[in-house]
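Report on the following structure.
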Amino acid sequence: SFSVKGTSAHNVFASFDIFKGKAALSLNPVLPTFTKLESGNLVVSRRGVVMLKFTPAIGERRYDWEKKQVFALSATEVGSLISLGPKDSCEFFHDPSMKSSNAGQVRKSLSIKCHADGTGYLVSLTVVNNLLKTKENFIVPVTAAEFAVMKTACSFALPHIMGWDRLMSNMPSGVGRQQS
Amino acid sequence: SFSVKGTSAHNVFASFDIFKGKAALSLNPVLPTFTKLESGNLVVSRRGVVMLKFTPAIGERRYDWEKKQVFALSATEVGSLISLGPKDSCEFFHDPSMKSSNAGQVRKSLSIKCHADGTGYLVSLTVVNNLLKTKENFIVPVTAAEFAVMKTACSFALPHIMGWDRLMSNMPSGVGRQQS
Amino acid sequence: SFSVKGTSAHNVFASFDIFKGKAALSLNPVLPTFTKLESGNLVVSRRGVVMLKFTPAIGERRYDWEKKQVFALSATEVGSLISLGPKDSCEFFHDPSMKSSNAGQVRKSLSIKCHADGTGYLVSLTVVNNLLKTKENFIVPVTAAEFAVMKTACSFALPHIMGWDRLMSNMPSGVGRQQS
Amino acid sequence: SFSVKGTSAHNVFASFDIFKGKAALSLNPVLPTFTKLESGNLVVSRRGVVMLKFTPAIGERRYDWEKKQVFALSATEVGSLISLGPKDSCEFFHDPSMKSSNAGQVRKSLSIKCHADGTGYLVSLTVVNNLLKTKENFIVPVTAAEFAVMKTACSFALPHIMGWDRLMSNMPSGVGRQQS
């Protein structure tokens, strides 16, 4: 089996950050990885996601990045987010240890709950860890304008995390002759 | 007549897959091909499509890829799909042997039917083959979130299958002097 | 004064064509041209447009391309088109000889008129030429699906005909050191 | 500390201009700048904006560019603008001297106010300068079609001013072998 490796030596950090009183919420897209088959064709080996990162506040405009928790939105969960109306809510559940011996020990739930008056959302993450006997909770109020940025940025990112931009950039760039 | 050939030796596989109990539905864009005219200009010779692939289930999360059937959405059919509201339905009919001696022998119909409560769609393909005396039927329930991914991905793909991204990427990149 | 010249020797033809009984309607974007200032900066010298081309039918699925008439939509007119609801109509007037001695002699009017039931539009072009004493009229019925393609393709094209994609592709690609 | 420097020696000017009787309004995106960390990674050092420029009229279709005033929309303010419905209004307040000793001395407020009939907006900028004892006011009526261009262009620009297009273009382009 083969793997596609990047030629660029560096990463780029350009998350969209929402800093609020009790916690901060950061979004950034994570691209898919491709595997090269014997045939020379490329196939997606790990799907891309939009990563949500929650960080608790420990003072005025200060956040404890060591205590962050992440939630990785799949393409379909991004589909839910970008089709959410101002009066809609949604909730997703993840088990980071799914299919391992620790399955069910850690449960993450992300909730996006609209305000009754349609002026924004409460975005919250709950992480229950039965192994460590911990329960963490993060709440970030998101305004309608901030959510519009999230929707537009996620709509832009969606074809990229699906790998569809690769299908496009793979277009013929050379022009050859061919008899007919 | 001339033809544009790609410089890249490999294909990229990044379909959007919806695996359900009775069948799986996969979408991927297929780019147009261009022909080079004597003048040096390029003209679209075969239009691009968004390809839908249906595969029957043969067990729990197992699908028989040998029995797949495809349905190629044209730009205008993609236009129908992306403008479909939560309470709208549509149906397309294709004859893969159109304009040949077998015209009318195989009939394919794709139906996208909304749930009455607007929570998703039933996407089904029927293939009637009078030559083989067969009739195949595939049904895939698609949630609102999955359909939002289909719409966003198809909206992204549409200008590409039309070849309009080529018009764009063909922009002047060099800068020359010109007397005025 | 300087001018930006393309490095690519060929044009790309990828219009979106709607063939109907009495006439055909073709759309394709035309990119802006840039002029290089003494400072080395580039400024848009001619704004891009979305070109509409109407061609009369002269038999079954045959069109007389010699008798075509064009109508160039500006960025703001494209803005009208892409914000048109299913029950909205609009009309634009152009004078191709504006600001010349023939001003007012040729009048072009483009009308996009919705069907009462919201199922599509009648797109028509009228060209009155007082010099040649002619009046031409083209009518193309456009379905909701075809109009969805027009809207999506024009939304994709809009930032390109405005030259905003150039602002983007002009991003720093090199990485240098700088003391602070 | 390191800084990313562009390789291109020239800037590109392609603003979207709305010329009206009392003032002109011009929009153009300004990209973010990146800083290179010791690790080789890139991080956004200055966020991008969509710049609004107001210029007073001094005669028929003549504007005094020396008297222009600017207002830089952040990503979240762009989010407000692109989610504005035909019957919605919004207002933003900026202090260009925020966090300096002159804080509060200059106040800028941008207002986007819908017409009661939903046919467009009044966009106005007020700049009160307590140091210079001046108060300037610019009013530009914007039609629904012009606002549609502003929304589409700003939606296109948003991922770019956030730096998300850099995350995307940083995709692996080389293909290497890797043992598994």
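By letter and in written order, the chains are A, B, C and D; residue numbering begins at 1 in each of them.
Note that in this section contacts are C-beta pairs under 8 Å (C-beta built on N, C-alpha and C of every residue); 3 or more make two chains touch, one makes a residue touch a chain.
In this text the structure is predicted, and so the values were computed from the model without any measurement.
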{"item": "Shared interface numbering between chain C and chain B [over half = same, under half = different]", "value": "different"}
{"item": "Rotation angle (°) superposing Cα atoms of chain A on chain B, nearest 5", "value": "90"}
{"item": "Gap in Å, rounded to a whole number, between the CA centres of chain C and chain B", "value": "27"}
{"item": "Centre-of-Cα separation between chain D and chain B, whole angstrom", "value": "37"}
{"item": "Per-residue overlap in chain A, given as positions that touch at least 2 other chains", "value": "34, 36, 42, 166, 175"}
{"item": "Category of the chain touch graph - line, ring, star, complete, other", "value": "ring"}
{"item": "Inter-chain touch pairs (all)", "value": "A-B, A-D, B-C, C-D"}
{"item": "List of chain B residues in touch with chain C within their complex", "value": "32, 34, 36, 39-44, 75-80, 82-83, 155, 158-159, 162-164, 166-168, 170-178, 180"}
{"item": "Complex contacts: residues of chain B adjacent to chain A", "value": "1-14, 16, 28-29, 31, 33-34, 36, 42, 143-149, 152-153, 156-157, 160, 165-166"}
